[in-house]
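Shared between the two complexes below is subunit A, which pairs with subunit B and subunit C, respectively.
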Partner chain A sequence: MGYALVQILNALSFSALLLLTGLGLSVVLSLMNFINLAHGSFYLLGSYVAVYWFASGAPWWLAFPMAFAAAALAGALLERFPFRGFYARTHLMQVLLTYGLSVIFADLMRWGFGAQILSPELPEALQGVVFLLDIPFPLYRLFIIAAGLVLGVLLWLLLDRTLWGAVVRASVSDRGMVEALGIDTRRVFAAVLVLSAGLGGISGALGAGMLAAYPGLDEEVLVLALITVVAGGLGTFRGTVAGALVVGFALTFSKLWFPEFANAAAFSAMAALLLLRPNGLVAPRQRQV
Partner chain B sequence: MLLAHRPAAAGLVAVAIALPALWAGEFHLRFLAEILIIGTAVMSLDLLVGFGGLVSLGHAAPFGLAAYAAAIASQSLGGNLLLVLPLGAATGMAVAAVMGAVILRTSHLFLLILTLLLGKIAWEIVFHWREVTGGADGLRGLPPLSLGPWELSDARSLYLLAAGLALAATTAARSFAAAPLGRALIGIREQPLRMTALGYSIPRIRFSAMLAAGAIAGAAGALYPFVNLYVGPQSVHWTLSATMIVMLVIGGVGSLWGAFLGSAAYLTVQTYVSSYTDRWQLFVGLVFVLTVLLLPAGIAGGLRSLVGGWAHGRNGNDRGA
Partner chain C sequence: MSAARDPAAQPVLSLSGVSAHYGAVEVLRGISLDVARHEAVAVLGRNGVGKTTLVHALFNLGPSLGGRVRVMGQDVAGWPTHRIARLGVGLVPQGRGIFPNLTVTENLRLATVRRRPGAWTLDRIFETFPRLAERRASFSGTLSGGERQMLAISRALLTQPELLVLDEPSEGLAPLMAEEIILGTLGKLAAEGLTVLLVEQNLTLALRLCPRAVVLAEHRIVFDGMSSTLLADRSLVSDYLGV
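On to the complex of A and B.
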């Protein structure tokens, strides 16, 4: 019983991480129709910022805003050039451009931060374990679940309940109309991309305590986040949540049940899921105009 | 247009193949053989990407699994070329059939993710099935390739073999693209709705394209272990699939022969820049991003517009291949 609970919490903490990373990818993909394969680089940048910030002795909780800011800054620069020119291009060209950029960033980060595995020195407040039904569970993972919940709800409120969110969604549906209302949609899209990059950074900072930081992690996280977004269904917030839960639980439990072929089993399950539900778990209502 | 219809081009290709065989040393011949083999696999990917608009991020699976099949078969049965090559092509075709069955009805991003997932599954199996594939160590100590009484183990014969395969594969791919099936493949990329209305079955055409591309990639994969004297899980990894797309774009999508330029450019950078600096990946990434930004049709597209402009000025014939 306690064992099952711990495994479920493990899966949930992984899902929370996937949710945050996936949301960053998903807002850009579903709102701007832009595939950003450099999103894993934002994640890894956030991880490295957190590792160095925790080691520096500054107030630990500032690591997360700092990771957000660092990745958002990188996103803002990239948005200026070259992303902006590729929003209207085909998916293939977007994939090629951002994959090439991710290769460059991966090598730059290997250069700057080294090729070894860096594990952060967790702050004292987040160290240690709590006992759930007499089984120890790392406190940090509970922190990740809580942070994932809070940030997910905040983002949903921002996009779904504020005027700014309405402007973003309107710019997607009918860009010309929004422009006619006197709103600069280029700025709106830039802000969405910066937000997405920042989300990638902050999820990297959170994930550093669980997955550490090393070259190649950017690709692993990117692939899992892509699967999360696509398996969940494009264009809906609920879809990404569902996708994160499915991928998180599939990966965690296949490690328990098939330790040797864990990833193969989990990936097969997801491929099967995509075959059965080709548009993802939560398919958005198609609007035919 | 097939080479047989253009004697001048055929002669040029023959000279281009014969020159290195006469002059190049051991190292360069093996290097050229690798370029031709990887280039053949990339060219088969061009059938999918350039003609069908099917961006597969799992093309290393038919290539790499065929390489493993050839290597494993040669360990017990010997490196008979007439066994290894058809076995590789069949393996590639079988893998492509599985992938094709999965992606029949998807497109765009879903297709990308599904092929990526399938490629990752293939890698996981190869990496963890140690008794058969050697796991992370891969397979070494392969017997030399042979064709009847001749042993094809020196660099020159391996190079000529790779060149022969590349030529045969390019001819096959060109005739596929020129056949009604290839035209229909372009048609379902451009106008899926109209093609369906005309009575074409999109899944069936896609499936045939997957089979053709898989067979060519598999044949190339079958030779790969014997040139490197080694096959490892890296040959199935999804980064090789991504690298193939990078090569294809650098060379030029939709031209078929551009694939060889792309693989030559990429492998040359990888081999020579990496001996000067550890930052060769940065260099490759920069070259790639600059290609996407400045030369979206790749080297082949750039050359073609250069030559096309010249030919156009000369006789007004600008048909392209």
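On to the complex of A and C.
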């Protein structure tokens, strides 16, 4: 019982990271029809920021807003140049551009942060274990789950309950009409990209305590986030939630049951899912956020 | 102040020599049209003649353009759509252009994001259209055709326009509803001084509302004059409007 609970919580903490990373990808894809393969770089940047911040002695909790800000700033600069010029281009062009950029960023980060695996010194408040039905479980993972939940709800409120969110949703369904109401949708797009990058950064900061930070993690996370978004159903919020849960659980439990072929098992399950439900778990009725 | 500089004397909309094409397909050629403040002008023409293309031309929503478009006296060549709209032009597009995944209130509030000063408020809209007030919390995708049209017009009004451009508002509406919207709602707005550019296929309703009519045919304007003159000219009506 306790063992199962612990594995479920492990899966949930992984799902929380996938959710935050995947939401950033998915909102940009559904709103701007833009595929950003550099999204994993935002994640890894956030991880490095957290590693260094935790080591610096400054108040630990500021690591998360700092990681958000660093990635958001990178996103803002990239949005101006060159992303903006590629929103209307084909997906292939976007893939070539952003994949190329992600390779450059990987080199830059290796140069700046080194090639070794960096595990952050967790703040005291988040160190240690809690006993769940007599089985120890890292407190930090509970923190990740809670943070994923809180940020997920905040994001949902922002998109679903605010006027700004209404502008974003309206731009997804009819950009020209939003413009005809006097709203500058280019600024909306820029803001969404910055938010998406920031989310990538904050998930990296959260994930550092679980997955550490090292060259190559950016791509691993990107692939998982892409699978999350596709498995869930392109560009729906609920779909990304479902996708994050499915991928998180599939990977966690396949590592448990088939340690040698964990990835093969998990990805075959995803492929089967997509064959059965080509539109993902939550098929969008129309393009929406 | 000289007459030429006086903003009230300037046409709110002035097209000169406007052409438009989709790739190699020419749709409009040499369109010139002035609309003065407080006028109500009907734009008529058969299916596919280019009426929507004309509407898109003045919002820079469409394909490549030639010629000059002036809105409120400003040359808007190359302007993004939102800047043109901010000059005080409201759009009720063909097919209504409501956002189905937003509630009625959200649809309306989007128009107030810009906070242009003006007489229209959400309360006044709900007074004018009690039906929308009843359905304020519904997703607008669930509205009936008539309700959608009221929503599209209300949303345009909340941008506080001086010129309201409507593209076939009667399309798909029951005859009574079409009459209610065009003669009732728009009639009242025009009487209050709103400038109206009304694209329509419903000749009778459009000409009852608008004292002036413009007929598009074969890429150009073939008639521009009093609605009564147009109605009296049987051959023009049958040749170019097919009624």
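The rule is simple: the second predicted complex is superposed on the first by the 285 of 289 C-alpha atoms of A that agree within 3 Å, B and C clash if a C-alpha of one lies under 4 Å from a C-alpha of the other, contacts with A are read in each partner's own complex, and residues count from 1 in each chain.
Here is the rule we use: a contact is a pair of C-beta atoms (placed from the backbone, for glycine too) under 8 Å apart; a residue touches a chain by one contact, two chains touch by 3 or more.
These figures come from a predicted structure and were not determined experimentally.
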Message = Contacts for A:Phe267 in the overlay, against subunit B (first) and subunit C (second): which applies, first, second, both or neither?
response = first
Q) First (subunit B), second (subunit C), both or neither: which does A:Gly100 touch? A) first
Check: So, A:Leu163: does it touch subunit B (first), subunit C (second), both, or neither?
Finding: second
Taking the superposition as given, does A:Glu179 touch the first partner, subunit B, the second, subunit C, both, or neither? second
The shared contact residues of subunit A with subunit B and subunit C are none
Listed in rising order, subunit B residues that touch subunit A in their complex are 49, 55, 102, 105-106, 108-110, 112-114, 116-118, 120-121, 124-125, 128, 238-239, 242, 245-246, 249, 279, 281-282, 284-286, 288-289, 292-293, 296
Subunit C residues touching subunit A in their complex are 59, 61, 80-82, 85-86, 91, 93, 97, 99-102, 106-107, 109-111, 113-114, 116, 155, 159
Seen from subunit A, its contact residues with subunit C in the complex are 163, 166-167, 169-170, 172-174, 176-186, 286, 288
Residue positions on subunit A within touch of subunit B in the complex are 29, 35, 82, 91-93, 95-97, 99-101, 103-104, 106-108, 110-111, 219, 223, 226-227, 230, 234, 260-261, 263-264, 267-268, 270-271, 274-275, 278-279
